[in-house]
Amino acid sequence: MLLRHTTTEIKERKALTVNPAKTCQPIGAMYASLGIHGCLPHSHGSQGCYAYHRSALTRHYKEPVLAATSAFTEGASVFGGQANLLQAIDNMFTVYNPDVIAVHTTCLSETIGDDIPQIVNKARAEGKVPEGKYVIHTNTPSYVGSHVDGFANMTRSMVDYFSESTGHKEKTINLIPGYVEPCDMEEIRRIAGELGIRTIMFPDTSKVLNGPMTGKYRMYPEGGVTTDALKKTGDSMGTVAMGALASGPAARALDAKCKVPCEIIDLPIGLHATDMLIDTLRQVAGVNVPESLTFERGQMVDIISDMHQYFYGKRVGLVGDPDQVLALTKFLVSLDMCPAYIITGTPAGKKYEKALREVTKDVPGEVKIKVPGDMLLFHQWIKQEPVDLLIGNTYVKYIARDEDIPFIRHGFPILDRVGHSYFPTVGYRGGMRLLEKILDALLDRKDRDSTDIEFELVM
Amino acid sequence: MLLRHTTTEIKERKALTVNPAKTCQPIGAMYASLGIHGCLPHSHGSQGCYAYHRSALTRHYKEPVLAATSAFTEGASVFGGQANLLQAIDNMFTVYNPDVIAVHTTCLSETIGDDIPQIVNKARAEGKVPEGKYVIHTNTPSYVGSHVDGFANMTRSMVDYFSESTGHKEKTINLIPGYVEPCDMEEIRRIAGELGIRTIMFPDTSKVLNGPMTGKYRMYPEGGVTTDALKKTGDSMGTVAMGALASGPAARALDAKCKVPCEIIDLPIGLHATDMLIDTLRQVAGVNVPESLTFERGQMVDIISDMHQYFYGKRVGLVGDPDQVLALTKFLVSLDMCPAYIITGTPAGKKYEKALREVTKDVPGEVKIKVPGDMLLFHQWIKQEPVDLLIGNTYVKYIARDEDIPFIRHGFPILDRVGHSYFPTVGYRGGMRLLEKILDALLDRKDRDSTDIEFELVM
Amino acid sequence: MAKAAENSEEKFELDGMDPEKIKEELLAKYPTKVARKRAKQIIVNKVGADEEVPVIQSNVRTVPGLISQRGCCYAGCKGVVLGPTRDIVNITHGPIGCGFYSWLTRRNQTDPDTTPDGHNFMPYCFSTDMQDQQIIFGGEKKLKQAIQEAYDNFHPKAIAVFSTCPVGLIGDDVHTVCRQMKEALGINVFGFSCEGYKGVSQSAGHHIANNQIFKHVVGLDNTVGDGEYRINLLGEYNIGGDAFEIDRIFEKCGITVVSTFSGNSSIDKFANSHTADLNLIMCHRSINYVAEMMETKYGVPWIKINFIGAEATAKSLRKIARYFGEQKLTDRVEAVIAEELPAVQAASAEVRPRTEGKRAMLFVGGSRAHHYQELFNELGMETLSAGYEFAHRDDYEGRKVLPTIKVDADSRNIEELEIHPDPERYNPRKSEEDLEELRASGMEFSGYEGMMPTMKNGSLVIDDISQYETETIIETFKPDIFCAGIKEKYIVQKHGIPMKQLHSYDYGGPYAGFKGAINFYKEIDRMVNSKVWGYLKAPWQVNPELAATYAWE
Amino acid sequence: MAKAAENSEEKFELDGMDPEKIKEELLAKYPTKVARKRAKQIIVNKVGADEEVPVIQSNVRTVPGLISQRGCCYAGCKGVVLGPTRDIVNITHGPIGCGFYSWLTRRNQTDPDTTPDGHNFMPYCFSTDMQDQQIIFGGEKKLKQAIQEAYDNFHPKAIAVFSTCPVGLIGDDVHTVCRQMKEALGINVFGFSCEGYKGVSQSAGHHIANNQIFKHVVGLDNTVGDGEYRINLLGEYNIGGDAFEIDRIFEKCGITVVSTFSGNSSIDKFANSHTADLNLIMCHRSINYVAEMMETKYGVPWIKINFIGAEATAKSLRKIARYFGEQKLTDRVEAVIAEELPAVQAASAEVRPRTEGKRAMLFVGGSRAHHYQELFNELGMETLSAGYEFAHRDDYEGRKVLPTIKVDADSRNIEELEIHPDPERYNPRKSEEDLEELRASGMEFSGYEGMMPTMKNGSLVIDDISQYETETIIETFKPDIFCAGIKEKYIVQKHGIPMKQLHSYDYGGPYAGFKGAINFYKEIDRMVNSKVWGYLKAPWQVNPELAATYAWE
């Protein structure tokens, strides 16, 4: 047993988090920053933070993840990080020549109370910010929220720093894809493209964190939303924001700042959430849905109907980020599966928890939900009554192995497989991939557990 | 043990095939026929044949597979099937109104020696073939070759019956995709589309055998090559035929009949075979390769380089259809994997076998190849010395379970999983899918077989 | 279960429609000759006095080009009847396809560890993989060699050879080859002339299989085994473990199964089957020949039973107890029924509010289209239309019509064994008086009422239904569930209607016996109430008007 | 391994280039201040008389914005040193991130079943998940409660608390909390003031970890265990099972490992470690403090050994045997070496034709950048450039420079324990005469030659290499392999150059000892000869002209 000290008995814990289902804000901000073309994320704190964030993102994407740090030492911690940040800005522009430096704070600089805009202004005054270059920032205190909030905050800062309203509306829709994989962003753009809609997506990590091997390294890969595009978001007709937690703040900020109305919908994971994305886009943009998308939809429904017997009634344990967990829960319920244990580590709030309970209200049997919860509790629930399938990040494989339960990797981080950054799980195609993954997991287990007598050729 | 009577000791067999790695010609012809829009395949033989073929194709695709039969009884077997076929043609056009009836023969009608063109002429003369409708045929004696030959023969008959040369060349390239999945055909077309090439693909089962669930049944789905397009193949600039066994005969027939030059290349499975497809298309059409395809290529190379350590030196047992087996073998070798046992049931000939030996000549250790061979022999080789991975159709899972070897489903038939008809394995994207599948299989096993001490978080 | 006869002049209604009119519509598109033929196979049911029903033409040739569900003689012989016997090496003599397609594609479960030698060749496909040389020069030599190789590699106790279409045409004498190899190897080797073109459907293959098993196997072992109430279960193929569930119930009741034809079977049990005291027939169509011949030669009576449906199971058990006529057995059977039924009733009560009033259609096989109506009845579901794929008139109308069935050319080609009482082993199990008494008490021997007398008036009974007819009745009635086979599965479902396979059970089951009934209830509840059928339309199809919220200026 | 000193005026070549010029290029782009600083950290190696090497500035602050490989103090303390100890519940006191990122991300293998209680908390991540309330009102209460909950849920024998950045700023007194909880719970509870901003790299964390382990654990158990040649192995973290391989060799040699700091370790073994007779140091940087303190307090001498490389392993074993000075041990060690080496040599002979002459670069850690040059040497590969991530001058230049190292402000903040000989337990393991004799025979105690004296003249030695410098030397030299950590992995590989992680071993290993050497040879052969590096260009990039075979008219 790997997690040999996890007991079936649950003792209430108020102070100790064990096996967290979240991490801290800055990494989310770093990930979002990488979705701006030519951007160098910067961690204003101790160098441990950026080292950890770069490592974690690198392990997940198996791609270069560049970022810089203010490299606080004790002195900076006492006297503030202004000198470090000024020096860092100078060095970054001189040595690495980014278009944008995106600064996020850490628990350290937040506790100190460094005023980033003031420091950046000083840097600009001192000529450390070259003409046409940008330094943006967001506040990401590690002791508030989770990596999802960090992503949301940096995404909102893109609006705060760039979005402009010229008064002339463009036939463009802003897409805020949420804290999803690069390929998911690509797929969302493709779907909008099929609808014939011109879009600006931000952030956009596609081609950045799933890039090619060519023998030539590009510090600033092809992908990412450009600053020009970000500016134009203020002139778009509307914004479709996916995932209330990760994308909501930016969408609302854009509405407030530039009067761009927004629709905040679920992440388009699963049939109905994808329906919602497409129907929203269609209505917002006033376009017709092309046959190509309806066809993909039909393929997905076809798989569901063909394989329904294998989904039906299967109990699932689900842990991940709140936007994903909500969309996945709805998806599983739509398959007549039974999400039994649902945890997100992010303190997503009462309203969020209520939404989860609403979605699962007709699921047979008790549905246990904890927001925020940790993976120890999740594991203890499983020990009390097992499930048929686990969905979560790589850490869940320790539970899956101990309890011998089929397991699908989804979410962040996935450290031990490839595919998640190349093959989307959003949209109908992504939904078909998820269906395949669920079926593979369940049917592989059925094959394994069948006696010789029961072993099936056809399924 | 499921295959409890399979011995490690190998006794030579000359007359008895056990656990075949092929099936008979007519099913291949039926599959190819379904790649013509509005076509109703027709099996000229006993009704058992079409029942079996429809069942097998249905189980593999989980989609409707419509076809008709001459329903021979003893009388027809003695006196010939002319009356049956005449009646069938009349009934089919009257009741099911296809654009095309594609007749293939069976061992029964071949042994009798029914002359299909003569019977069809009679039907036409008797007014049983409505204006603008077609009856085409191919000869598919079940006791010659395999289902692959049946596919090749029906594909060649499309040329024989339809291709016309008007003398005016069109800027069009014919694509003969080979005996691959509907989604593979779609992907090959997409690749050609990215290159900006106008193409005619035949046969084309995409949208036919991976169609949507809409609540409305269409006997003749949207997909398939139209008879108009088939006619125009004779005016194309060239033909790129994928898979020498399945597509070669049609390509050569088209060259002979309409002087359309052809390139016969491997199925585009794997990096280099996809390179070859694209480079061939580029050269044949005189176009530039767009960045989008080079980018996908780079992503695939990236996965290979990132995960090379897990591929390196792994011994693979591979069984399938000859065009697939050859392309897969090359692909595995390119990953520094070691195809150790290679079998196809199709009697693909000495030249084919030589090609396999050439591809594997630098593979470390002995490489056992049998063309044609059966799965009993394949299993016996494995019993003598196991491999790290098995690739083959669903029947291989009996071996995989008995010998406890990781297994990837590829080829025909796949009866117990979904995905093969929706997610291509051709092209770079397909290659990435294969890489993911191989890695999942190998890494799942590594996770399973690791001791608690060795169990890895990151891979 | 027979419905009371009603006024014969009455016009019947079916789901609010006129079934006669629908029949007309079904035929309207056909060429005249075809329409004329199909008209005799599409019957509006009408149950008269004495359960008299209209004549339905069946076991006749499939119309070429019409697309039916049927398979061939080989499929019925090798696939259905002999397929489930685990310890025979079944060699298909012919091109590779026939062997390939019948390789593990029927879900006959088998438990080799209940046979002393543990033989199980069912996961294997053996074929002579006939090539053109054999077509030209004959295949006997290769067949002989293949039998030898099968023996050398696998050392089975028996080898069977199945002929495919070309074998008959090229004139290979498989029976002589088998006889020679039987002598050479010293094991049982026998052949089947089950070429695909024989007869008009799988049914011919069943008959041929029955004949050869009876000729070459039954009676080889006269050992009378232990057990008090010794029966054979005939026509039960252990799809999805049905026979296991029935065995479980029999064991609980103290009834001893000598042999099952042919689910979970072993050739040794066939050899010994004539020592049983009663034959029970599940699938009348596929196996009644064996029962008939066993009765004639050995004196074993047969009765029709049915273990599909909880009520039917209880009824069948009581029938068996009645046959043996011992209070001990009767008591035990009643105890078992009392013990098993509550769980079944609880399960049906749970799902019935969701299944009640739903409408089914069944087109499958030679018995399931009838038997499964029992289960649907238990769910409160009505069967609007049903038909067999390969049955004969007796399966529809009841065995009472047997004397009136004309043997046509296609059937005449199938050998009819001439059986006489065995001079030594014929042994009537009951005295004529006992039988008379049993008959008087309502026990029917060698009888089968058929499907039609149990169906409602106005139901559409369709023999050898075509693809066109299938689609038309689906479009017309929009049934809540449709039952057939794999070929029909996705066609039906594309209409947005759940489709239950009753050959393979969609890889579920068992559905026989008490536990099987519970499984079936749950499965049908899942299917007819699945959310997925509500997903067929996208929101923009339901509500297609453009509402450009932020419409372009 | 030291290279002979060469004419000091000589201009060195590096891979056919002038290393001084390359150094200039590396600095050219930097702002003046940065260039001035980095110039002291980028050194062209030159080994003089007495293995004298140039001064290299190290253990100094990272330049903000320059992008280095370094992590923080917490990482060095919690992640590196204490991470591998299985039976302590390690609670991170701070926001969730620090605990999350250090959760199972180092590959320290551990075998809990070798500890009587089987405790293993390494797969768990424990955190106080500090929230803004704690930042505002202080986190001591929550920490106390968390320790209590850890005890209630897991009943460990020890709990350790690791402070993250905000803890120091808000003034939580973790040591007092720990003391209180130690009393309350009756188990060992101790804390580390290893806030991320302390020091200039992980190195500060190592020091803090060493101090606290020495203060709170070492010496708690005076039981002298069995075994003849009792040693501690220090600075071996059992990445990929290295320590298991070393243990295997020790066991074969009859050498008893009292404790490993801290691969596969248990707190009980630390408590007892002062009873060993010799300390062996693998990673000098991370652990020399413990060795120093143990020598001062308990009289245990230490020697530097290295089990990376087959030759180094043999040499280290002989050194240990020499220390104990018994023929029996010497014979056994020689026998083991004789037994193990042939397989290693065979493996190197097999791959060497494919690795000979290839060029490597190593930028990692505080010892591996040195040790792994041994293995590359054994493959016939040259190390063009190397450097440490967080080492000090002694690790580069050798401990002989220790007296000349100025303690700067960042280091002065790290507590330096004042250690005195234990009044009761101080026990010099060798007499002064014995030591003298050993020294005379060439045995060096408390010594480490450093990396630079073992490298070729002209090699580039780069401390705390930046991303920019990394890219530049890669572009300049196109090495055949580059070794560093996960953050550098894919950057390097995008250049088309294979990159070997020497922190995590890319999830391979072990690479220590004899079997480890074989693993490494094979791995490097695989990497530098992988076909994939030939796939970087598409055919149309190699040969881009358009050749329209069937060109449009």
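Just so it is clear, A, B, C and D label the chains in written order, and each chain counts residues from 1 on its own.
To be clear about the criterion, contacts are C-beta pairs under 8 Å (C-beta built on N, C-alpha and C of every residue); 3 or more make two chains touch, one makes a residue touch a chain.
All figures in this text were calculated on a predicted structure; none of them were measured in a lab.
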Original post:
When the centre of a chain is set as the mean of its C-alpha atoms, what distance in Å lies between chain B and chain D?
Top reply: 54
Subject >> Cα-centroid distance, chain A relative to chain B, in whole angstrom >> reply: 39
**OP:** Just give me the whole-number Å value for how far the CA centre of chain B lies from that of chain C.
**Re:** 34
Subject >> Of all residues in chain B, the ones touching two or more other chains >> reply: 2, 59, 62-63, 211, 213-214, 294, 297, 301, 304-306, 395, 398, 456-459
**OP:** Specify, in ascending order, the residues of chain D that touch 2 or more different other chains.
**Re:** 104-105, 490, 493, 536
**OP:** Treating touching as the only link between chains, describe the layout with one word: line, ring, star, complete or other.
**Re:** other
Subject >> Every chain pair in contact, whichever chains are involved >> reply: A-B, A-C, A-D, B-C, B-D
Subject >> Footprint of chain C on chain B - complex, ascending >> reply: 2-5, 7, 11, 13-20, 22-27, 42, 45-49, 51-56, 58-59, 62-77, 84-85, 87-92, 94-96, 106-108, 110-112, 141-144, 146, 211, 213-219, 345, 376, 395, 398
Original post:
In their complex, what parts of chain C are in touch with chain B?
Top reply: 29-31, 34, 61-75, 91, 94-105, 112, 118-121, 123-132, 134-135, 142-146, 148-150, 152-154, 164-166, 168-170, 195-201, 409-410, 413, 466-468, 471, 485-487, 489-491, 493-496, 536-537
Original post:
In their complex, what parts of chain A are in touch with chain B?
Top reply: 1-2, 59, 62-63, 207, 210-214, 222, 294-299, 301-307, 394-395, 397-398, 401, 415-419, 422-423, 432-433, 435-436, 439-440, 443, 447, 452, 455-459
Subject >> chain C contact footprint on chain A (complex, rising order) >> reply: 169, 171, 173, 237-238, 261, 263, 271-272, 275-276, 278-279, 282-289, 294, 297, 301, 304-306, 308-309, 312-313, 334-336, 453-454, 456-459
**OP:** Within their complex, state which residues of chain D touch chain B.
**Re:** 104-105, 107, 109-111, 241, 490, 493, 504, 506-508, 523, 526-527, 530-533, 535-536, 538-541, 546-553
